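Take this structure, written in structure tokens, and hold onto it; I'll ask about it next.
By letter and in written order, the chains are A, B, C and D; residue numbering begins at 1 in each of them.
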Amino acid sequence: MKYFYYPGCSLRGMGKAYEESWLKVCQKIGIHLEEIEDWNCCGSTTYLGFDEIKSLVLVSRNLAMLEKEGGSEVITPCIACYYLFNRTNHNLRDYPQLKTETNKMLQEVGLTYSGNVKVRHPLDVLVNDGWMEKISQNIEKRLERFKAVCYYGCQLLRPYCEFDNPKNPKNMDILVSLTGVDVLDYPLKTKCCGAIITSNIPEKGLELVYVLLKEARKRKADFIVVTCPLCQFNLEFQQEKIMKVYEEDVGLPILYYTQVLGLAMGISLKELGITRCLTLTPEFERSLI
Amino acid sequence: MSTNNKEIRIGFYICHCGTNIAGVVDVDKIREFIAKKDNVVVSRNYKYMCSDPGQELIQKDIQEHRLNRIVVASCSPLLHEKTFRNTLEKAGLNPFYLQMVNVREHVAWVHSDNEKATEKAKALCNAAINRVRYNKPLEKKRVPFHQDVLIIGGGIAGIHSALILASAGKKVYLVEKKPTIGGHMAMFDKTFPTLDCAACILTPKMSAIKENKNVVLWTNSEVIKVEGYVGNFKVTIKRNPRYVREDLCIGCGQCIESCSYKEAKYPDEFNLGLSKRKPIYIPFPQAIPNSAIIDDKTCIHFKMGKCKQMCLSACERNAIDFNQKEELREIQVGAIIVATGFKIYDPQKEPEYGYGVYPNVYTSLEVERLINASGPTAGEVILRDGTKPKSIGIIHCIGSRSEKANKWCSRVCCMYSLKLAYLLKKHTHAEIYNFYIDMRTPGKMYEEFYDRLLMERVHFIRGKVAEVTDISLVKEEEGKLILRVEDTLASVIRRIPVDMVVLSVGLEPSEDTQKLAHILNIGLSAEGFFQERHPKLAPVSTFSEGIFIAGCCQGPKDIPDTVAQAGASAAEAMAMIDAGYFEIEPITAHVLDEFCSGCKSCINICPYSAISYDESKKKVFVNETLCKGCGTCSATCPSGVMKQNLFEDDQILNEIEGLLVYE
Amino acid sequence: MSEQNWEPKIIAFFCNWCTYTAADLAGVSKLSYAPNVKIIRVMCSGRVDPQFVLYAFANGADGVLIGGCHPGDCHYSEGNYKTLRRISLLKKMLTQFGIEDDRMRLEWISGAEGEKVKTVINEMTENIRKLGPLNIPEKFITWDRELEKRNRGSEYKLRV
Amino acid sequence: MAQELPNKSVIYERQLDVNFADLMQSMPGGENLRRCIQCGTCSATCPFSHVMDYTPRKIIYLIREGFKEEVMSSFTPWLCASCFSCRVRCPKEIKITDLMYLIKREAIKNNHYPPKTPIVSLTKESVKMIHKNGRISEGYLMGIVLLKVSFLKLLRMSGLGLKMLLTGRFPLIPEKIKRHGELKKILAFSNKK
């Protein structure tokens, strides 16, 4: 089955491993992805602090090109892009004035956007489009020896999540469970990790990450499973510092759900980008093989 | 269409209703427009037509200008048609020469574009002028008013209304869905601000219901059908089986003792699941009727059909009857009082507050039971995890004042939270934190009660808690529930560890409100409570004549207000009953004898069999005492000679034309 | 009125006990809806004589709305059933006349359903707006002219 | 005691901007701001409110009462992580996160923001980069921002940067889109207006 696909800048940068593993998993279960040709950055929430209409235009250019190709749905694995795309649709719908203006600008290069492209996240597609069976069929080695917590973060769930319960999401838990990993209850799964702030003013956000790690450790998780490149980075790069400040060993590997799925499907650590992990200890690496 | 136009002299009046109408509809323009119409002698606008000067204005005009048709454009005829008919009568004119135009409910209140609203009003007024020419003088009809009253709901409101009516000698049917009367008030511990015990003031009234010969009490029963109209309602009530005969049971409890279940196993409804009961039980010691009831969903006999039926042999009075079936009872009443109360907001809709997740999070109603001497813990505050709290957080406005839950302020939560704070402090000596948004204490001695609480060293933190969590950040938080809140007055974020959380849940319409509104054909306001006829001047009446509302089914309110409304609705019902009769519209049908062809089309269509065929004349005739005035026969008659008073073809056709062609 | 600022004209017959009460409730609740529907009060929807509907169309209405109590709730036991039967028949007739059957609508609205009055009136207005003007009175004039041409000398006219 | 009294005084109405709330309310996202009942749910749920100079609740209040100067020079909007916790919890459905974007936009438009705020630099630099390349390269972006804010910090973070480079997560060649002219044309059009 074919889907249109928008990777976003992060998946070509710090979230490289996310794209690598996601593409591998898709290949394995037969999802064919068609990347939007010559896509541009969605602007992320940072751009919203600069200009409303230009932010709408940045997103709309991608979706307009997709509509031109005959698409009506797009998969975007990055949760910032997921939010921005949804926001654009909502704002174009809620404020007709903005829609007119946006299209006026797009028309400069012969594009128009309806505001109706359905934005989908892999967690939505994999669970709700019936791919779970395919995933189960492809599982070669069950990961029953591991315990993990699933951490969803913010922008996937808030404010526009329609495919899962935003106050108590389940889709990632369901997917990861397919691999045999014991998914633990984790009440912090919808909390903010503060990435956008911590990556710039680290001292202000340490506590957020510390609590996330500490609770996962307390629940005896072997790793944390995430769905966002920024969460992954933020939870990783702060660990050393946190352990120094709080004088407590709360270190844990942070993996993408696609990496966990891939591991169970027998794909190599390198192919899944797990070797790009900053918190990959030799022991953990051995345990994965 | 034969009307002698020369004789007709119309007076037209459009009401401003303050700014209600005049703020949207250009009343001057309408007045000028109508003044130019044929036969219109007087055309006026006035601030309040329904006021005494307004009515006098019409009377004076009728006399001075020899008016013989009156059109009043104001509010709904359902509200003031009677008023203006009386006005005509006082001036010596037949009241049915009146035609009303509804320019408030159907125009001013529902349209915001002034120009379009004025245009619509113009059409409506023109239609009325057209129609009124064809109005005919009619005689009023009186029908006897049935003396009995039905009260739906056996909480404090229903009980109070019933006792007032019964003491005036009226027969009252009190219908309650639950196995006992008493409602929410019976569950409360103390009442604010006087702190007298709820049971102490309520149970004597409950017993009085049982003792009173004029009250027929049907618990475990529901109203399922209401037919008829004011003075003459026919009501069907479903009495669900109790499996214990109320007339024989004396509430000794032998049956409960002997039940095959040695231990109580099922959540006790009255204690909100904080304690357990057996399948056969008495809701609470002072329940009225003080009779056991068998819950057929949990009783072994009903579940599996094989039980030793120890209860049966234990009852010396042979009160237990497994063969009881649901029964339908039909009664006739003149008036109905609805007092179905409220239900509390379900805090599980907001998982952030941890209700149902953390055992030590309670709703305020559960706390009422918890601190009650006859409650599950005999009044000792022992939490679900077996500990006693040293610190307690009370969070106000749960489910209230929110677009996401209920928009309204539930009115009683601030006061009952203060009361619970006081009682919990007395019971536990714990540190108590109240988290409020705005402290609302309007009411006699209410602010004084707040003052008293301030002196009790209770904390008052202005800010709504966002989250209840057990994830601790510092040592002293371990094992506690932590409340994260903005102390908005100090402008800081605080984390407060407590042992117990009380959620001050709001009040919302009880479950069957919508169903009952449908059965009774009474309106609901936007928030889902029953709609009163007028928010200020008819607070216990509804748009259905003869049906009254009292207590929280109309909107959240405290006990004093509830009791006041209960009294008011009893008095309103009594005023109708004691008049002995009521006037109905003379809207019956009649046949223009000479033109009837005797085709009999109308006979089968009449729902009341009011039309018969006269073999000798070969024509039909209408029995006007049986006719209720629906007009279906009139619509059916192929010759157009079946006429419905006030709704004759001429009147309606001219109204139609008036709406479409007016310039 | 020119085509551009044409506004649908809709006549409504509401029964006194349910739908008219509901319209009052909509008013009391200050629900805002389209000003195109003008309401005539009848005691029961059973009173709505098919000739009222035809008369409304003939006088320039673009749509007719009839509101009664829900089936089983009629104040007069069964008047609304009679309406239902009558209206289905009338609809057939209207279509034969070339009047789209969407121009007439029957709705059950109880006294508690103020919100429904709003939705139905708004929907009806929009539906009629899509159908465009019916304009029978003007058509009468054209038809009369045509007839005149055809039967020159004859006295017959569609409408006097 | 030699301690000085805080430099405070009565606020006169002329010191406030009566049109500020209207301006904010008129922009997409600001519609509901006057409905605030000051319950503080937003601040209590915000993961960063404890480090903000004014809590989100107070920001809304200050906007409503016209304390423009206080709002524009506040760090609060620049500390918003866009996690939308407040937005989904607000009982009056105020789009608080969008309100923060509104303030930031006003601030950047008028060059009126608290000095040396890394997020201001981040915003400006990321916008520049998007306009130039059509895409963001996080490694470069972080480097530039840190350089602008403090060279010292850049040095301190260089270990991390190196690690990211070694794991291939900070690519050496910045990402660029092909039809860059197209994007430029669209964005330029809005400037004309």
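General remarks:
We take it that contacts are C-beta pairs under 8 Å (C-beta built on N, C-alpha and C of every residue); 3 or more make two chains touch, one makes a residue touch a chain.
Bear in mind the structure is a predicted one, so any value in this text is a computation, not a measurement.
Counted by C-beta pairs in contact, the busier of B-D and A-B is B-D. Put simply, the C-alpha centre of chain A and that of chain B have 51 angstrom between them. Note: centroid distance chain A to chain C, computed from Cα atoms, is 55 Å. Contacts with at least two other chains are made by no residue of chain D. In summary, the structure contains touching chain pairs A-B, A-D, B-C, B-D. Residues of chain B touching chain D in their complex: 352, 397, 401-405, 437-438, 462-467, 484-488, 491-493.
Put simply, chain B touches chain C in their complex at residues 76-79, 102, 104-107, 109-113, 116-117, 119-120, 123-124, 127, 227, 229, 514, 517-518, 521-526, 531, 543-544, 587, 605, 607-608, 628-632, 634-636, 644, 647, 649, 652-653, 655-657, 659-661. Within the complex formed with chain B, the chain D residues making contact are 37-41, 43-45, 49-50, 54-55, 57-58, 89, 91-93.
Across the interface of their complex, chain D is touched by residues 9-10, 12-17, 38-41, 43-54, 57-58, 61, 83, 91, 94-95, 98, 101, 104-106, 108-109, 154-155, 158-159, 166, 191-192, 194-197, 199-201, 204-205, 208, 233, 237, 275-278 of chain A. Against chain A, the residues of chain D that register as touching in their complex are 27-28, 47-48, 51, 77, 79, 81-85, 87-88, 98, 100-101, 104-105, 108, 118-119, 122-124, 126-127, 130, 134-139, 142, 145, 160, 163-164, 167-171, 175, 177-179, 182-183, 185-187, 189-190.
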